[in-house]
Each structure stands twice: as structure tokens, then as C-alpha cells.
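Please find the structures below.
What follows is chain A paired twice: with chain B in the first complex and chain C in the second.
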Partner chain A sequence: MNHAIETLKLNRTFKIKKAKDKPAPSFITALEEVNLTINKGELFGLLGPNGAGKTTLIKILCTLLLPTSGTALVDGVDVVKNPALVRRRINMVSGGEHSGYGILNVRENLWMFSQFYGVPKKIAYERIDTLLKLFGLDEFAKTRIGKLSTGMRQKMNVIRGFVSDPEILFFDEPTLGLDVQIAREVRKYIANWVKNNSQKTVLLTTHYMAEADELCDRIAIIDHGKVIACDSPSNLKKLLRKETIVHIEINLTDENFEHFSQLPGVKKFALEHKHNIGRTELKFILENDSAISQVTQALSSNGSKIISLSKTDPSLEDVFVALVGRSLESEN
Partner chain B sequence: MKTDLKTNLKSIWARAYVRIVGANREPSWILSETVLPLLNTAAFVYVYKALRAPEEYIGFVILGGAMTAYWMNVLWSMASQFYWEKEMGNLELYLIAPISRMSILLGMAIGGIFYATLRAVVVFVFGSLIFRVNFFISGVVELFLIFILTMIALYGMGMFFASLFMLWGREAWHTSNLFQEPIYLLGGFFFPVKTLGYTVAMFASAIPISLGLDGMRQLCFKTGKTLGFLDVKIEILLLLGLSIFYIWISHYALLFMENLGKKQGRLTLKWQ
Partner chain C sequence: MNQNFSTHTKTLKLASWLGWKMESNWADWWIFAVYSVVRPLASSMILVVMYWVIAKSGNAQASGSYNLTFMYLGNAFFMFVGNVLYGVAWTIHEDREHYQMLKYIFISPAKMYFYLFGRGTAKLFITVFAVIATIAFGMLVLKIPIDLSAVNYPMLVLVTGIGLLGIAALGVILAAVSMVTAHHSFYLTEGVAGLFFLVSGAIFPIEVLPGWLQKISLINPLTYWIELARRYITGEKMCQVLSSISNLELFFILTLSTLILVYLSVIIYRFFEHLAVQRGLIDRLTNF
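== the complex of A and B ==
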């Protein structure tokens, strides 16, 4: 069986320009020994903080970047050996992109991009009109794209991805900067597209936990270029079924609480500063319930005032904390 | 193969459409692209008039002024276009599409030729009428051949420059700035290239417009041949060679630069 995407020991390093005061150029590892298999018909998520290597991986799979070593296959085709064949099968949409030409209207821009994939004119316009209606952009079809709001522009970008009807569609942070309502609409359409087309595949990168949880059949958690876990959201959460998850809110503080991870019963600990509401959230993964008292006592003796304490079911965020030892939200 | 060709043809038209439609939607360009270049050309005409130069020189200037439109189009709207496309976020969408990069550049060129031709025609027609230029066409077929080959070689050279912009971004932008005036000089836009002397004129012949203008002048004016650099037939052959060379080298340069960019990770890196 051909997988939609397969990577084998994929590595990518970037050379950093030699600085005047340094003797030699340095290297950054963006991807390290990445092994992934994504099935056809799957909505697969790559979850990780900024700089984790998500975009690098997408760029390699889209033939925009060469791997330093290893193999990447898209629909069974090697991205290095036969990029032209890969390009016929794919399309890509990035969050916050400003593609297209301001002098053209929405419909014309979408038609233009469809032509790069050889879509017959009639089919292209039919698809464009259907998608514009579905995304609620039909009344802006004749509007020049320079006059669109950010959200509308991103909807247009998402439509652009679907217009060529690719086998595999890459979304790099597709809902970045969108308001809740528009992000929801975009997610809904992506999910339906995969559901209604059993052979179509979506690879989506995000750092929004809820988005990954809601949309994806499977998720790979990626950090510092390494895939540290890969499974369905529910299975990932099951990793923490024996642990106790506790979230505690205290007044905003600069203290790093590093010593809290040494407390008896604390398996992992992460904190997130919420400057907008003046609070710091502490996330604990504990061996069992009895460790809660250890934590609260330590906080009291530290002089921190607990505003709220809740014991929750594991979320993907907790899985991330458990695997990586820090909070994804705070990283972003 | 047939599908590939069809897709590439569609892409050429789609990319050309942006410029052709753009021209209709923002008519203010007509003033800046026609009237102002005519004034610039007129200034050189008056220099020759003040020096009481032979009548042909005025025709030379008008022809050079008209052809400037194509050179400007190649330098600023084609060679550097990949730089702008990168900044806008379109370049990576072109690169992941299953089409030749040359199709995109050709689409830009065709769209740009639309503007450039209008500018050239206005300079040529109005310049000729206002300054009463007398033409004496000695070979229509040769003239047509020279013009077409000059265009192919010139736009081929533009594609070659575009490969540099694909990767070098702002550095190539500065290079373009650096090239503009020397090429104005070596191109012989406002004087016969022969004036530069044999060695420099030979060197300048690598710029298709130098040979093209020289050949067109020889074929358009009575005393043109006496001021010509090389025989027209040789110039046609050289232009044919330049056309093949620039198209060939631009094809490989685009591939090479794209691969280098993919290797270094700079292909879609903005604000380099």
C-alpha cells in the first residue's frame, strides 16, 4: 500500500552565517531522524512550538527545501529525485500568507492559481464559485483582494488550496491570526473535505492544541526537530490515564518554580504566564492524588496565593508537558 | 507531455492576465509610461539638434527611445520580478506548482510586453511625427527578423537575470541598479554603438539590444549602413546565437539556482 506521506530518517540542518568574531559557521538542526508514515485519507497533525521543525518538514514535502539526509516520499514519489511528479499531487496553504495580486479580484486570483495546475476553465470557475459560497465569500467574489480583511484573505488562501483538487494538501498553521468564528469555519471545511474524499490526505501543522485535538485523526508531537510521540489524540491522552493532572492559578509572578519539579509525587511541571489576566498557571502531572497536598503546601510556604485549583482530564497540552517538560502555550 | 504543455500554456496566460488586466484597471500608468518617456527622448533629440548633427541621428534617438521600453521592462519587471514575488509570498506557490519556472517568466514577459509596446509605439510614432523623421526601410524581412530575435534574446537575458533574483534577493536588486546605467551606455540607445570603438562595441554586443538597435538603424535610415557596427546579416546570426544562448542558459540557471536555494534553505526566505 502506498502511503500518502512517508519519511525515513529525515534530517535537515541549516548553516548559520559565520559571524566576524566566531571562527567557524555554526549549524542548527531543524529536523532530526524524523520517521513518519501518514496514510491516505488521513487528517494528520504536526503539533509543536514555534521553531520545532514543522514548517521545515512541510517545505521538504512540498519540494521547497532539500533534506540534508534521509528520504521523504509523497504518494510514493521521492521529493528529491522526482519533485515534478510530487508537485502534481500537492498544494499548500500557509497561515498569514499574502499571495495573489491586489489588482485582481478574489475570483480572478483563484482562477489564476488554478491555471498553474491546468484545471480546465469551466471546472475551475465552478469549483471557485462553490467554494466561495461555502466559505461565505461569494459576495466578495468581485472584490479586489487588497480590500479584503485578514480573515477573508485567509479564507481565500484556503480556497486556493482546494481549487486544484490535490491528492495531498499541506496546511501550515492555516488558522493563524484568525478570529474564532472564521477559524472554526476553516477547520470544519478541512475536516469535511477529508471525510468526504477517502483518498485525500491533509497534513496540518499547528501550535493550537484544541485545533489538533478537534481535527486530526493522528498527531505527531514534534519538538527541537524530533518526533517525540505519534498517535491518535485519544491514545496520546491515554498516556496520562494513571496520572493526576492538576492546574493551579496564582497571582502573576516572575518566579520560575524550578524546584517544584523535585517535589515528591511530581512527575512533570510547567508554568504559563497569563499577562492579560495577571495570573500564572502551574500545570502539574502528578503520580497520584496524594501529591496534590505536597504541591499546595509548597506553594503556601512559598508565599503564593492560590486563586484556583482544578483536577482535570488529560488534554493534549498535558501530554505535551508530560513528554517535553514544558508548556506549549507558554512557548508560543 | 501534452498535459504538461497545456498546463504551461495556461500558466503563461494566467500570469500575463495579471498585467494585461492591471493595465486596464489603473489607467494612470498611461501618463507615466508614455508621455514622460517621450519627454526623455525629446531631450536627446534637442542635444543633436543643438549640435547640428545629421538628420539620421534624430531617427536613431527615436528608435533608441522606443526600444528603451523593452529594456526597462526586462530589467525591472521581469529580471527582478522573482524578488517581488518572494516578498509577496507568491514565489513559493509558483515553485510548488507543476509548471516550468520559464512559463511564469514568459507570462510576466508577455504581460509586460503589452505595456512596453504601447510605450514604444507612442515614443516611436509621436517622436517620428513631431521631429519629422524620414525613414528609408531597406529590408522589411530583415527588420522584422532583427526585432523578433532582439526580443527573444533580450527576454532570454531577463530570464537569466531572474534566476539570480530567485536566490540573491536584495543583493541582485542592487546589481540590477548597478547594471542599469552601464547598459544604457553600452546598449547605444541614443547613439550608434560603433562610436564606442570596435573592442567595446564587440563587448557590448553581448547585450542583445546593442546589436538589435544597430541592425534596425541600418535598415531604417538611408545612411544607417555607414554608421553601422557589423553587417546586418552577421548581426542577425549573432542575435540568433544570443537568443539560443540566453534561453538555454536561463533554463539551466533557473534549475541551478532553485536547487541551490533548496539546498541552502534560502529559496523562500524573505528580507535577505
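== the complex of A and C ==
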């Protein structure tokens, strides 16, 4: 059986231009020995902070970028050896950008892309109309893209991804910058599309934990170009079933908390400064409940004022903290 | 094979349609029509005024309708060079930076090579009207001596088509180079068009150029194209350097050199495309 996506020892490095004061050009490793297998019909998530290598991986799989070494197969086709065949099977949507031919209207733009993908005209028009209705954009079908709001433009871009009815659809941070309602609609449609088409596959990158948790059948956590865990969200969370997860909010502080990870009973620890609400959030992965008092005592002696303390079930964010040793949100 | 052909023709058609929308959709049709004709006429008039000034100063070389015809027709046909080169080469910068759509076109089954050709087509059609209007203006107002009944229309159309193919291929080469550059494509196109203005015999007779520039002129397909276009319009051999070469020989040289240029454009495009994908530049935003 062909997998939808398969990578074997995939590496990608980028050369950084030689600085005047440095003897030789330096390299950044964006992907390191990435081995992934994604089955057909899966909604697969790549989760990681900015700069983790998610977009690099998607770009390679979409034939926008060559790997430095290793193999990447999309629907059994090698992306380096036969990019043209790969392109017939895929489509991609990126979030957080302001793309689109502003002079075209929504329907024209979608029609043009359907034709680039060779969709028969009648089917293309029907599909476009259906999708516009589903995403609530039918009223704006004849509106020039340049006049759409960012959210509407992104909705149109999501429709552009579906209009070719690809075998494999890549979403790179599809809900980035969208308001809650629109993001919810987009997520819902993506989930239904995979559910209703057993052979269709979605690879989605995100740094929103809740999005990954809600949508994905399986998730690969990626950091510094390496896949550090890959499983279903529930199995990933089971990694922490024996630990105690405690989230503590204190007043915003610049104190150094590094020594907290040395406290007895603390397995991992991460902090996130929330400047907008004037608080610092501390996330602890503890060996058991008895370590909570150690932590609170240490905070008191540190002069921190505890605003809230909650013991929670493990989330993907906690899994990330446990695996990487820092908070994903703080990275972003 | 058939599927590829169908994909390529569809890409060409869609890109032409997109190019046309971009070129024509920014204003009311009548403003667009006036702009498309007045702009090239105005630039031609600059040259005509320069010619008159030089002729009135008593320069024998610049006097007489023969030289005005040479210059006026050369300039009219050279409009194709600037516009089509720009139309094709600028596509990369425009789609990548301004519309941020290059990556989506690139990962679609559309062939970029044909897409670039198509995007230049819109400019080409607009320029056809501009060239016709410029020549008509020259005949009616400036009394450029052209006998419409003596024009070899079939050959003029054929030669124009071959020349435009070569210009578009040249545009693809510039577009390919633009893939690996940031904001230099504008200067690149302007620079190359300027160079061809000098070494194509459009305005400056080849015989007045220094020897080494004459040699460059003679390996430039546009030199043969412009001379043949002039010959099929006026029925006269206008470029002295090429006066010993018959129309048929010129046609053969033009066709052969255009085919070589097209072949080179395919090779060069593939090379730079590979380089751009290797370096991850297809979706690079430099905000220039």
C-alpha cells in the first residue's frame, strides 16, 4: 500500500551568507533525519514552535524546495525525481499572508485555479458555488479580492485548496491571523472533508495546540528540525498519565526561575510571560501531587504572588513541555 | 503527450487571460484604450522631435524622409521588445512579491514556462494596437511614406510572429534570472531592453556603431526582425549593413536564431528554476 506521505532520513540545511568577521559561511539545519509515514485518509498534524521546520517540510513535500538529502514520497512519487506528477496530486494553503490577484473577483480567482488543475469546467463551477456557499462567501463571489477583508481572503484561499479536489492537501498554519469564528469554520470543513473522503489526506502545520488536538488523527511534534514524538493526541497525552500537571499564574515578573527545575519532584518546567494581562504562567510536570507544596513554598520564598493554581489533565502543550523542556507558546 | 499538450495550451490561455485582466481591469475601458494608444504615441513623438531638431541643425545624415521612416518604423516595432520583455520578466517579481501567488502557480500542474509566455501575451496584444496606431499616426500626420497597397502583409505577420516568439523567449530568460534575484528584475529588464535598443538597428543604424557593437548587432535576432519588418512594409532595404542579404536569407537567419533563442530559454529557465527551488526562493518575500 502506498502511503500518502513518506519521508526517509530527510535533511535540509540552509547556507547563511558569510559575515565579514567570520571565516566561512555557516549553515542552519532546518530538518534533520526526518522519518515520517502518513497514511491515506489521515488528518496529520505537525506541531512545533516557529522555526521548528514545519514549513520547510511542507515546502519540500509541495515541490517548492529541494531537500539536502534523504527521500520524500508523496502518494508514492518522489518529489525530487518527479515533481510534475506530485503536483497533479496536491494542493496547498498557507495562512497569515495577504495573497491573491486583487484585480480578479473571488469566483474568477477560484475558476482560474480549478482550470490550472484541469478540473472540467462544469464540475469546477458547481464545486466553486458549493464551496462559496459553505464558507459563506457566495455573496462576495463577484467582489474583487482586493476589496475583501483578511479573513474573507483567507477563506477564499482555503476554498482554492479544495477546488482542485486534491489527493493530499497541505495546510500551513491555515487559521493564522483569523478570528475565532472563521477559524472554527475552516477547521470544521477540513475535518469533514477528510472524514467524508476516506482516501484524502491532510497534512496540517500549526502551533495552536487546541487546533492540533481537535483536528488531527495523529500528530508529530517537531522541534529544531527533528521529530521528537509522533502519535495520536490521546496517546501523546498518555505519556503524562502518571505525572501531575500544575499550572500556576503569578504576577508578571522578570525573576529567574531556572532553579525551579532542580526542585525535588519537578520533572519539567516552563514559563510563559503574558504581558497583555500582566501575569506569568508557570507550567510544571511533577512526579506526583506531593511536589506541589515544594513548588508553592519555593514561589513564596521567591517573593512571587500566586494568583491561581490549577491541577489539570495533560494537554498537548504539557506534552510539548515534557518533551522539549520549554513552553511552545513562549517560543512563538 | 496529449495531456501535456492540453495542460500547456490551457496554461497559456489562462495566463493570457490573467495578464489581460491585470492590464485592462485597472480603469474604465475608454481610459485604458486612450492610455494604450496615447502613451506609445507620446514616446514616438519625443524621437520625432529629436529628429527634427537634428535635421534642422543641418545634419545631412539625419535629413530626408528615408531616415525618418527608418527611425519611426524601428521605434514602432521596438515597442514590442520593451513591452513583451517587461510583461514576461516582471511576472516573477509581481506574482512572488505583490500577489504572493507564485508558489501556488508553481505547485499546480501548470507549466511555469508557458505561464510566463502567457502573461506576456496580454502586453503583446495591447502593443499590437499601439504599433498600428503609431504607424497610422506617422502616415497621416507625419507623412511617413508608406504605400499600404505595397505592404507584404502575410510575410509581415509571419515575421512579426517569429520576432515576438524570440522576444518572449528572451523575456523568459530574464524571468528565470529574476527567480534568483531580489528586486533587480526591473533594472535587468530595463537594461537589456536598453541594450537591444542600441544594437538592434531600431533607431541607430548599425553602420554608425563601433565595430564590436556591430558584431553584437549581427548576432542579435532582433536586428534581422526589425529590418525584415521594415522591408515588408516599405519594400526597401533600409539597413546598409544588411543590404547584401536577400529577404529570404534574412528570414532564414531570423527563424534559425529565434529557434536557438527559444531552445536556450528552455535550458536557462530549467537551470534557474532548479536553482530557485534548491535555494527555496520561489516564495521568498523581500518586500521590495
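A few points about this structure:
Keep in mind that, in the parts below, the second predicted complex is superposed on the first by the 331 of 332 C-alpha atoms of A that agree within 3 Å, B and C clash if a C-alpha of one lies under 4 Å from a C-alpha of the other, contacts with A are read in each partner's own complex, and residues count from 1 in each chain.
In this section, a contact is a pair of C-beta atoms (placed from the backbone, for glycine too) under 8 Å apart; a residue touches a chain by one contact, two chains touch by 3 or more.
Remember, it's a predicted structure, so these values are computed and weren't measured experimentally.
When both complexes are superposed on chain A, chain B and chain C end up clashing with one another. Touch criterion met: A:Phe14 reaches chain B and chain C at once. In the superposed model, A:His98 makes contact with both chain B and chain C. In the superposition on chain A, A:Ala84 contacts both chain B and chain C. Residues 14, 59, 62-66, 84, 87-88, 90-92, 94, 97-101, 103-104, 108, 112-113, 115-118, 160 of chain A contact both chain B in one complex and chain C in the other.
Looking at the complex, you find that chain A touches chain B at residues 12, 14-15, 59, 62-66, 84, 87-88, 90-92, 94, 97-101, 103-104, 108, 111-113, 115-118, 160. The residues of chain A lying in touch with chain C in their complex are 14, 56, 59, 62-66, 84, 87-88, 90-92, 94, 97-104, 108, 112-113, 115-118, 160, 164.
On chain C, the positions that touch chain A within their shared complex are 6-7, 10-11, 14, 17-18, 21-22, 25-26, 99-101, 103-110, 277-278, 280, 282-283. Those residues of chain B whose C-beta lies close enough to touch chain A in the complex are 3, 6-7, 10-11, 13-15, 17-18, 21-22, 25-26, 88-90, 92-99, 259, 262-265, 267-268.
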